[in-house]
Structures are given as C-alpha cells and as structure tokens.
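Order of writing sets the labels: A, B, C and D. Residues in every chain begin at 1.
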C-alpha cells in the first residue's frame, strides 16, 4: 500500500510526460490525485504494513503530513484543471514588464506535478534518514520546472535562486546525514545502528553526542532552508511569487511541511539522546527570528504573493517555536501544520484568481475585489482572518495553544514576543487585505474585454466577471475545512494528532 | 430557561443567515434580518428578566472537541444584568435599522449587513454567558469581527476603511492581551473552565496583579479606557447609526463585563488596582468629555462621550475595588452598584443619542454640526428624544444618568471619612465627576443647541424632515427607558443585590444591608424629581394663566440693533466651545487654519478651520507605529535579491551555530 | 424639633429673596453716595413683569419657553434641600448636596438651551461663558461641601471604621457649633472663601459678571436672557434672587456658628448673617471692577484650589 | 596507507586553494575534474574494509561522473554562454586566499571538536572535508557567474561526498548511489537553468538576477 502510494503518482507522472492532448493529461492528473487521496484515506482505516525492512513506514506524524499533502494535492489539482484549461498556451505578454513569454509544455507541468506528489509522499513515509534526504532533494528538483512554468525572466530568476539555495541547504543536510551515520557508528567502527528513526531512538544512548549535535545543526540548517526558516528562507518569496498559484499553494501547503517533518525526525532522535534542551533552544531561536523577519517584510509589503510567502515563513517560525516549546506546543504544532496548510493553500488559490483578473500583484493598486469578484473577495478576507489566527478558524486554536505552551513553560518573554509579532503581522496584513477588498477598483481590470459591455459602471461590474466554479470551489472547500477545524476537531484526527505529538516529542 | 435563551439566539442567527442568503433581494433581506433580530432579542429578554425574579441560575455544559474547550454557558445574575441591555438595545436598533438602511437597498448588500448585525447580537449574548476560556475568546473575537464588518458598511470611503483598520487593529491587540490573560489563568488553574477559575485562590500577588493588568488592557481596549480608546472616535462615526448605537451602547460594555468577571476570579484585589482603575476613570472621563467638546462631527462627539461614560463606570468599579481591598463593604457595594447601573443607563441614553444622530444624518446627510441648526421645528420627535437623552447623559436629575452618578457620589462622600487611601480617592472622584458633569452640560448644550435650536445654517438642514415612524418609535422607547430607570431607581437597587453579591463575594444579606443605605436617599431623589416635574407643570400653568388674556407678540430675535442678521451669524459649535477648548488647550492641541480678512474691503475669502485630533493618536500611537515600521524596514536589506548573499546567510548561520554549540 | 421648622427656609425665601438684590444695590448706592433704587425694587419689577404680556422671537421653539420654567422649578426644589444653619432643610437626605448642585446644573442646561434657541450670536456668547465658568465653579462647590462634611467628625483611629456616615446637608451644617469652629476654623474659613467665590460666579456678581452693564459683548448671564420678556423674564429674575438666597443661606450657615437648638435664635442669627453677607457683596461690588473675561477662570480656579486645600487639611490635618 | 591518504588529503586541499585563486573558468572546471578523480580514489584508501566490488564500482562511478561528466556539462554550458573568465568576483583572489586560510583554521578546529568515535585512517579527513565544503560555499558566495556558482556547489558536494565515502561506508549502497544521482540531477537541472538564463538575459551573471527583492 505504501509502495502504491509512492509509485502511483510517479508512474502516472512518467506516463504523462509522453502524452500530448491536454484533456488526457488533466484526467490523468485528476484521477491520480483522487486515487492517491483515496489510498491516503484508506491508511486511516487500516494501518499499512511497513515495507523495505521498515525503511518505509507510515507512523502518526507521517500519516498526518501525508494526509495534508494528499488532500491539498487533490484540491489544487481540481483548481489546476480550471487553470490549465484557462491558460493560453501560445505566446503572450508579461503584464509586469511587457515582454513576450510562453509556458512550459503542459505535459512537463503535469509530469513534474505528479512526481512531486510521489516524492512528497516518500518524504512522509520514509523512516530512513538517507531515503528521507533523497526524497527531499527530489522534491526540489522536480519542483524547479514547476516554478519555471511561465517562462519569463522573473520566474527564471526565482527558479535559479530556488535551486541554488535549496541545493546548498540540502547538501548540508546530506552532510548532517553522514554525521549522523558517524554518530551511529560504534567505537569499533564496524558495527552501527541503522539510520532508521526507530532504531536510532531506541539506540540513542549509544550515539556520540558531539556528532549528533553537529548532525542536528547541519540537518536543521539544511532542511530549515527548505522549510523556510529565516534567515534561510530567502528563496521562498521569490519562488512563491513567480510560480503559478497552484504551485505556490503546493509549495507552501505541502512541501514546507515535508521539510518540517524531516526536522521533526532528527529532533526526535536528539530528544531520545537527551539533547532535548539543546534542540529546543535552536528551534526557539529559529522560530522567533523567522517570525520577526516575516513580520518586518509583511508590513507594507507591495506584492501580495510575496506577502503570502512571508506569511509562510512566519508560520514555519510558529511551527518551529511550538516544537521548541514542547509540552502542549508539539500538539499545537501538529494542529497548526494542518491549519496553516489548508489556509495558505486557499489564499494562494484565491490569489491566483485575483491575479488572473487584475493582472497585478501590487497590494497598493488592487482595490475593490469584493465589488467585482464577490466570492473571491469574501474568500480573501476569510483567508486573511484565518491565517492571522482569528476565530472561528483553526489557527486560532493552534496559535492559542502555542501561547499556552510558552506560558506553561514559564517563557514569559517568548510569549510576549510571540504575541507581539503576531500582532504586528495582523496589523500589517489587515492594512493590506482590507484595502484590497474594500472600495471599488480605480479602473476596471481590462483583461477579457470581450466580456465587458460598453458603458459599464463600477458598481455593476461584478456581473461581467465570471467566477468559474473550478476556480472558487477549491478555496471554498479549504476554507470550510479550516473553519471546521476551528469549531470542532474530529475524534480520529484528534487521536492521530495526539499520537503524532507523542511520537515527535519522543514519548 | 436555557431553551428560551438558545431559541432566541437561534432565531437571531438563522434570520441573519437567511438574510445573507437572500442577498440581493435587499428589501426582503432587510425585513428578515431585522425582524429576526427583533423577535429573537425580545425572546431573549425573557430568561434574563426572569432570573432577577426567580434567582434561578441557568447552566449548560457540553463537552467540546477542542483542546481545553467546553461548551459551557451560564446565565447568572451578572450575565443577566448585561443581557438585559444587550437584548433591549439590539431589539430597538434592529427595528430602527430596518428603516435606516432602506435607502441603501440599491447599492449595498443589506443581507450581509444584517448577517453581521445578528451575528454581533448573538456573539455579545454568548460572550456574557460563556463559561469557558476558549469559548469566551472565540465569541469575543467573533463579536469584534462582526462589528468590524458592520463598521465598514460604507467601505468605499477611504475614511471608513481607515477607521475599520484602526478598529480591527485595536481590538486585535486587545484580544492578544486577553489570550495571555486566559492562558495565565488556565496555567494557574489547570483548566480553561470558568468554574475552575472560580475555585482558584490567587495567593501569589504577582500573578493576580499580572492578570489584572492584562484584563485591564485587554478589556479596556474594547471598553474604551483612555488611552486605549482611539478606535472609538474613528469607528463610531464610520458605522451606520444603529450599529454605532449598539456598539457604543452595549458592545463596549462587554469589556466592562469581562473586567468584572475577571475580578470575580481574582478574589483578593489590592488597593492599587482600584487606584489604577480610578485614575483611568478620571482620565477617560475628563479627557473624553473635553475631546468631545472640541469635535464638530456629531457622531465623533458622541463616541468621545462613550469614553467619558466608560470613565465614570471605571470610577465606580475603582471605588468598589478600593472598598474590597480596604475592607469597606459599603464602598464596595455602592461603587460596583453605581458603575454597573451606569452600564445600563449609558446603554439607554447613548443608544438613544446615536439613534437621534442617525436620524439627523438620515435627514440632512451631514454629521458636521456647524452645518445644521433649527432641526427642532423640522424633526420635533427626534429633537425631543435627543433633548431627553442629552439631559440624561449630562447626569442631570430627574433622569437615569443622575441616578448612577448619585451612587458614585454618595460612595465617594462616604469614602472621604475613611482614614486610608480611599479618602483622597473619593475626593478625586468628586472633583472629577463634578467637572465631567459640567463639561457634559457644556457639550450637550452645544450639541443640542447647535443642531436642533436656532435657525438652519445650510440648505441641508433647511430641507430636513422627520424620520420614519419606526425610527421615531425606537427613540421614544429608549427615552421611556431613561425615564423609567430613573423612576424605578429605589426598586432597582434591590434587583442589583445578587449582581453585587456575585462580584464582591459577599453574602446576599451583607450586600442587601449595605445597599439599603442608599435606598432612602434614592426615594428622596425620586420624590424630588416628581415634585420638580410637577413644579414645572405648575409654573407652565401659571404662565399660561398670566398670558391667557394678553396678546402674545412675535418678532425677530433681538440682535442688538444689527439690521440684517443671517443664519450664519449664529454661534457655531466651534465658537460655543472655544472658551473651554482654549482653557484646556494644553490637552486638546486644537489645530487651527486661519486666513484673516485683509483690508477694508476684503476680496479673498477668509476662513477659519479648527480641527482637534486625538491627542493619543497623534502623540503616541502614530509616532510609535511609524517608528515600528521604520525599525521593521530596517530588515529590508536582508532581501536584496543577490543569491550569493542568500547563500552567505546559510553559511553564516551554519558557522554561528557550529561555533556556538560545539 | 417642630415638624414645621424645616418649612422656615423655603417660605422665607419665597417671600424675602427679592429683598437680597435690593440690599446689595442699596449698599452699592450708599457706598457710591447715590440715592439708588428702593429696597423693594425687585418686587416692583416682578409685579410689573408678571402683569405684562410676552414677546417671543420668530425662531424659537418650546425649549425657549421651557427655559424659565425649568430654571425656576429647579431653584425652588433646591430651596427645599438647603438648611438654615442648625435648622434642617425640608427634604434633607444623605447626598442631598449632590442633588442641589445638579438641580442648578439642570437649570443651567435649560437656560443655556433657551439662549441658544434664539439663534442670536450674543446669547450664544453668554451661554458659552456661562458653561465655561461652571466647569470650575461646580467642582469647587462640591469639594467645598465635601470638606465641610468632614469637619467636626469624630474620626476613628482604627483602620477599619465599622460604618461610614452618610449625611445630609442639614446634619453637616448642624454640627458646626462654636467648638467646631475653634477646632477647625481654618478649614471652614477656606471653604467659606471658596464658596463665596462660587457664589459670586453663580449669581453673576462682580468681579465675575456685572449685572448692571449694558454692553452685550461683555455680559454673561444677562445676555442669555435678552429675548425673554414678561412673565418669563419675571421668573428668571425671581429664580436668580432665590439662587442668591440659597447660596447666602449656605454661607451664613457656614459662617455663623450659632447652634443653640433654639429655633428662633438660630433662624434669626442666620438671617442676620445673610443680610450681612449681602451688604458685604454690595461693598465688594462697589470697590471692585469686573475682571476681564479671560481672568475669570483664574479666580474660579483659585476657589477650586481653596476647596482642595480645605479638604486636604481636614483629611490629613 | 596513511601516507597515501594524507597525500590525497593535501592534494584535495590544494585543489581547493587553486580553485578559488584562478580566474579562468576553464581552469576552474579542470580543477574540479581533478578533484572529482581524486575523490574517486578516497573510498579505495580511506576505508578499513577490504576492497569489494561495491566500493570499486562506487569509485569508478564517482570518477566518471565527477571527473568527466560534470566538467563536460559545465564546459558545454560555459561555451554556450560564451564566458571565459570570472570578472571581478565579490572577493578578490588574494583576499580569497586569506579567507581560505581562515576557513582552513576553522575546519581544523571543527575536526578537533568532533573527534572520530572510532579508529580512522587519518584525523585530517574531517578537516579536509569540512574545508572543501567551506570552499565550495565560499565560491558560491563570492563569485558572480552562475557557472562558477555551480562549480562551487560541486566542490561543496565533493567535500560532503569525501566525508561520506570515508566514514559512512557502512551505510547501504543505495544512499551513496542516490547521492550521486541526486548531485547529477542537480547539476543537470542547474545546467538547464543556466542555459535558460543565458538565453533570456544574454549573460549568466547571477548577481544581476536581482529583480526580485523586498
């Protein structure tokens, strides 16, 4: 079952590389996504057996992150359906700099997307650090063409930075793996503990402390680069702002979590080896610094997709902080990961819709979304409220629990900094989001002029912008899920969350 | 009892949803939304009122699949005391709003507006009944958000957008403190349930003090304690008037509720708590009314008056805290009773005044008082109701505002006799209250005089007309409420026994014993009020007799011989307030733009324009925010676009961590 | 004490109040060496005014007509709360001093509203000044009374008094016997000075306001009632006289420490005191000029400071 | 054995120093090729285990990929981009050497902080690997051309790989192979990107790719 989960998207991806007709590609995409989601759902009913000598095993945190990934992929692939159908495959003009560009081939897009899914699945089920590393590296490589889908200079620049920075980061993580291997080698130099999470946790007492510490640093920095912890996050705003919104949603919602999972795994080993305090300090530091950096870039941010990317940095910071705090914080981190993924994906999808109509990413120029795109306007505001942790959305609960963890552990200064930074982010985002939604656009977006009748007035303009179901339903579904999580956490999920928290905090 | 309560909430919420679903069918959505709110709120009044007669506390507890959450509600005396104005004012504002919003039916989505209005009502009711920290915070924040969307009803105006942002920011920062507060309480008690908080006895003063300060900031932001009040003068003018009335009348009182509820958990208050609250009360009261005096915008002025009245409430609560801390149960009972009674009174007259302001706005399309005048002949009902509200808000007898201030006065005079710190506190409050009272008189004679009396200054005032009957009836109901509370004052005291007992933790008998002290004076006040009204009637009769057989002449106003008086020569709001604004110029810092007439026959138009910004916004918040933005932008160098630099960050991080930890 | 005794003050006031302005004016005339108005001039004026018809401005509303009624009714009700030294007031109760001050506030509200109703710039000007001065006068009044309420109390030495007394004006004033004066004389003098200034301001006397001036630009109270005529104006004048009575009665109660318990003796001493104070006002008016408007708040602030000092002395002295 | 190992280590360090002090790109690529071949020798020398077919094949594959395929790919990219020299790097060549000396010191410090828990061929292997990684990072940071940055990345990978081959041989083959494959893919993807950059911008100056900021 686990193998099927991985191989299904990979194979589908490989097949789709050789297919030309758009409709076939789209149906492969959707079918794979659906089937993958079904399989993932199946893992909730029946625990899949471990395969490859326990290298692949779906434990509670893995299942949690796999489910997020699979769900997001399904939702975004429905959105991608509409997106790909809408996309103009010929040469067209870039709206920012006015140059001509084309898209990558649709088959390349679908192929990479599906392999991307396969690799993320692999990350979630890998119990072996080496394999985990391979999977994370593979996600970087397959997502690069996705970011460079619109073939223009800015996306190219973003792709280059993405590859360069993430590769360097991942290389460091590899060194971390080797350090871990050294740490796991016994004094004779011949016998060693296999690099499986469970084996390492069980044999933690025999691990060499300095090497484990070094391994943790390298993995933290390495995977932290991928996860987007400041100051290693620098690729994130570029890649998110220049890639198609579907991809941004997946990067933010699924990929970052995968890197987070990798950090959790090594942290788990550290805790077992008695280095809990050491790991906590680093995670706390990274968490707070990420929040600070994100906050300072969110305030008066001029590009709303970059804004969302910085918001991801902020939330990765919260996740790191929460795990660093321990106690309730670990549970909160698990819950927060779900909530953040759903909300951020929703926001990116809505951002895609806004971008498609306004042809601008400027937070200062866009006005009156609610007057011409009423559903998207509502979704944009809902997303804003959800991502900033307002009730009744899920992030409220998880962010509150993080605060509780901080105060329970007696970290008053951290709690204050956390609240203060959340407050700054809220203020900054409120200023931007509300202004975007409210009022009327200064001039109507002129993209599909055929849909507009002459003498249109601003007040009646909404009738001429069609909000297609494929573009608004996916974010609506995500929004409803995140609202539901704020009001009620279903029992199976609750149990998995608790077990996941127990696993990653080494109990 | 619980069923009735939840039925009422259900009716309100579902009618809101239904109105939302009706969406563009504005007229229908309008009726459904407001009708549902009206009916639901009236139903909701029943359990609240019944509690005072039966004394039966309603409790509902359900587990909730949210960490530390439980669906736990309770209507006790304190909740019921706040539910009364919430439901009453909601019902009145809903009815009023139905007519008020009709002109917007073409341009606005009224369904959405009513959805948020009804959500606001429901969330307020839930806030004052929630018995679990998570539940409380959720309903609290939903209340804030619903009111935010109501404030931004006319979101196409830049000013409204700005006001909305300020409100959202303020309320969110306040909530942040509340999060910390509840988490702190949960840490001490091990649960988020209020019942567990109650069993908590804070022996560590530091923790209790911290909780008090957090509550003060968190709830104070919503209530509008100075200097946390800055959102009020922005949000209230921006919101539609029935919403302003509801927000100013009851929503900000949920802040008072929260504070009082938290005080109930913190059993052993210290004297400095009372001192802080009292100083806040004095500051809010005096500065609130001063800033009100300097305003030209009718609704902004009323918003500042909310700050003032919250200040009066804070003084009452501060005295109450003093009383508990220094073991003077009389002070505790009278202080809390006065503060809480003022909550209801303020809800009534401020609701009335905002509805009146709305009627004026509806009729003249301007909030600038200097463009109005003479409306009393055009809108007699509105003018009458507004006059009554003005007298009430000034705290003058024979209306309800006086009753609560009387409590606080009596309490302060009583405090004078005590040898400890309560004495000076009482003296401070007497002086503050006296000053607030006279300033309020100055302010409301200005409002009433400039808006309703004299002759119209502009065409928009000239063409004004009386509002629709629903709006008028709504105002009259609130006006009757003001009179009713004043008339029933001696009986209301006994109704407040359980409320005060709940807060102070004294037994009902003790509270009753202390509150009866004021029973007899209140009866006297009522008697004097009645005699006063009779006296006025008698004098009117006498004058009528005296003038009966004589020819009563009419002539233009005596203008000291000037031959061609125009309406523009009347005293304006600004000129009326000028002596006082100059006297307190150090606080108000009114900015003045003045172009003097030049030469014997001035050609260029001369003009004078004064503007009084909020002192705290201008001197504290704006500089602080600017500094924050500048500091945060200090990190902009991080993201300059050079991939080499980005890799350098990775290298530096790595080296730093290695050197630091290895 | 006889149940009828408390009626003394209201009844005397209703009949004798118009005499007080007469006394002041006579004093001023004598000091200035003029013949002056007759002592009973105000009675004649009132009589004439009540006989006359009224002229109303074209712009006014019922508020204008309500102004004098409310003003007079409030002052009359105020009378029932004022004791004459040791003789209790008619309706005294704990906290009645607040009601007294606020009744005057209500009267002010309606007088000012009536002034604004005419739409005249001059009346607006007067109204504006009236409310400005009251902002300082009223705290001075209430704090001064607060100081009195603490004079002569047996203050508990323990930190926890079992009951804190709530008193009426009558009880407060009844306590001010000679012995109390001996003990707390400074406090009472300070308070009296403060109340005296408040009285001057509230009753539009020099140096705050000049009731005899005819320059509208400088007037305060008189300018507010420019448009009232006939019975309305009569009521206003009568109310003003009653208000003066109230303040004089309070001041006399404060300054004359005759508390024999004998009704006639106490009453007479207070009455004499009132006449003396009225003569004093006349003398002050003769030898002082009206202050510039901008200086008036300073005078009133001075009164406020006096009250605060009195209170501080009585609380910590 | 130790002699050979240490000779190899010194050679690797020297290649690193040479790399950051030369301005001609083709020379740099050649140095990296030499480093790749030297790296292929590491598993043959550093391991304690007897030579197995696994290690031999790994060594062969390393030599082929790192010593031939990558340099060839890069040379091709360089030619197509028509760049010959690294002009005005952020850090000059002499300064680079000083920095390199500092990094060498750091690497030796780190080697001392992390003593091997078991017997090894030479205590200098860890410092050498760390130094190579640091030089790689330094090249990425201090050089302008995209090609040079890829070179830097490759050197960094070489360092990691050297470490892995020396000490982590117990780890299954899959990891090593996977590592190699990944590096291969990375370079491949980077090469493609450089090709695109060259096409879109007519230059491959990575530092001029700075439109996205803030």
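To be clear about the criterion, a contact is a pair of C-beta atoms (placed from the backbone, for glycine too) under 8 Å apart; a residue touches a chain by one contact, two chains touch by 3 or more.
These figures come from a predicted structure and were not determined experimentally.
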item	value
Path length in the contact graph (chain A to chain D, fewest steps)	1
Top chain pair, ranked by number of contacting C-beta pairs	B-C
Chain of greatest Cα-centre distance to chain C	D
Between chain C and chain A, distance of the C-alpha-averaged centres to the nearest whole Å	77
Length of the line joining the C-alpha centres of chain A and chain B, rounded to whole Å	43
Centre-of-Cα separation between chain D and chain C, whole angstrom	98
Length of the line joining the C-alpha centres of chain B and chain C, rounded to whole Å	35
Per-residue multi-chain contacts in chain C, two or more chains	none
Sequence positions of chain A contacting 2 or more other chains	160-161, 164, 168, 172, 210, 214, 237, 297
Residues of chain D touching at least two other chains	113-114, 137, 140, 149, 206, 209-212, 214
Those chain pairs that satisfy the touch definition	A-B, A-D, B-C, B-D
Complex contacts: residues of chain C adjacent to chain B	50, 52-61, 63, 66, 68-70, 72-74, 76-77, 80-81, 91, 93-96, 98-99, 101-103, 105-106, 108-109, 112-113, 115-125, 127-129, 131-132, 134-135, 137-139, 141-143, 146, 149-150, 153, 155-157, 159-161, 163-166, 216, 226-227, 230-232, 235, 293, 297, 304, 308, 311, 315
Complex contact set, residues of chain D against chain A	48, 113-120, 133, 137, 140, 146, 149, 153, 156-157, 159-160, 163-164, 167-168, 170-172, 174-175, 178-179, 182, 185-186, 189-190, 193, 196-197, 200-201, 206, 209-212, 214
Interfacial residue positions of chain D with respect to chain B in the complex	90, 106, 110, 113-114, 134, 137-138, 140-144, 149, 206-207, 209-214
Complex interface listing, chain B residues touching chain A	64-69, 107, 134, 137-138, 141-142, 145, 152, 155-158, 161, 164-165, 168-169, 172-173, 176, 179-180, 183-184, 186-187, 628-629, 631-636, 638-639, 643, 646-647, 649-650, 652-654, 657-658, 661-662
Chain A residues touching chain D - in the complex, by the definition given at the top	130-131, 133-134, 137-138, 141, 144, 148, 151-154, 156-161, 163-164, 167-168, 171-172, 174-175, 177-179, 181-183, 185-190, 192, 195, 208, 210-211, 214, 237-238, 241-242, 297, 301-303, 306
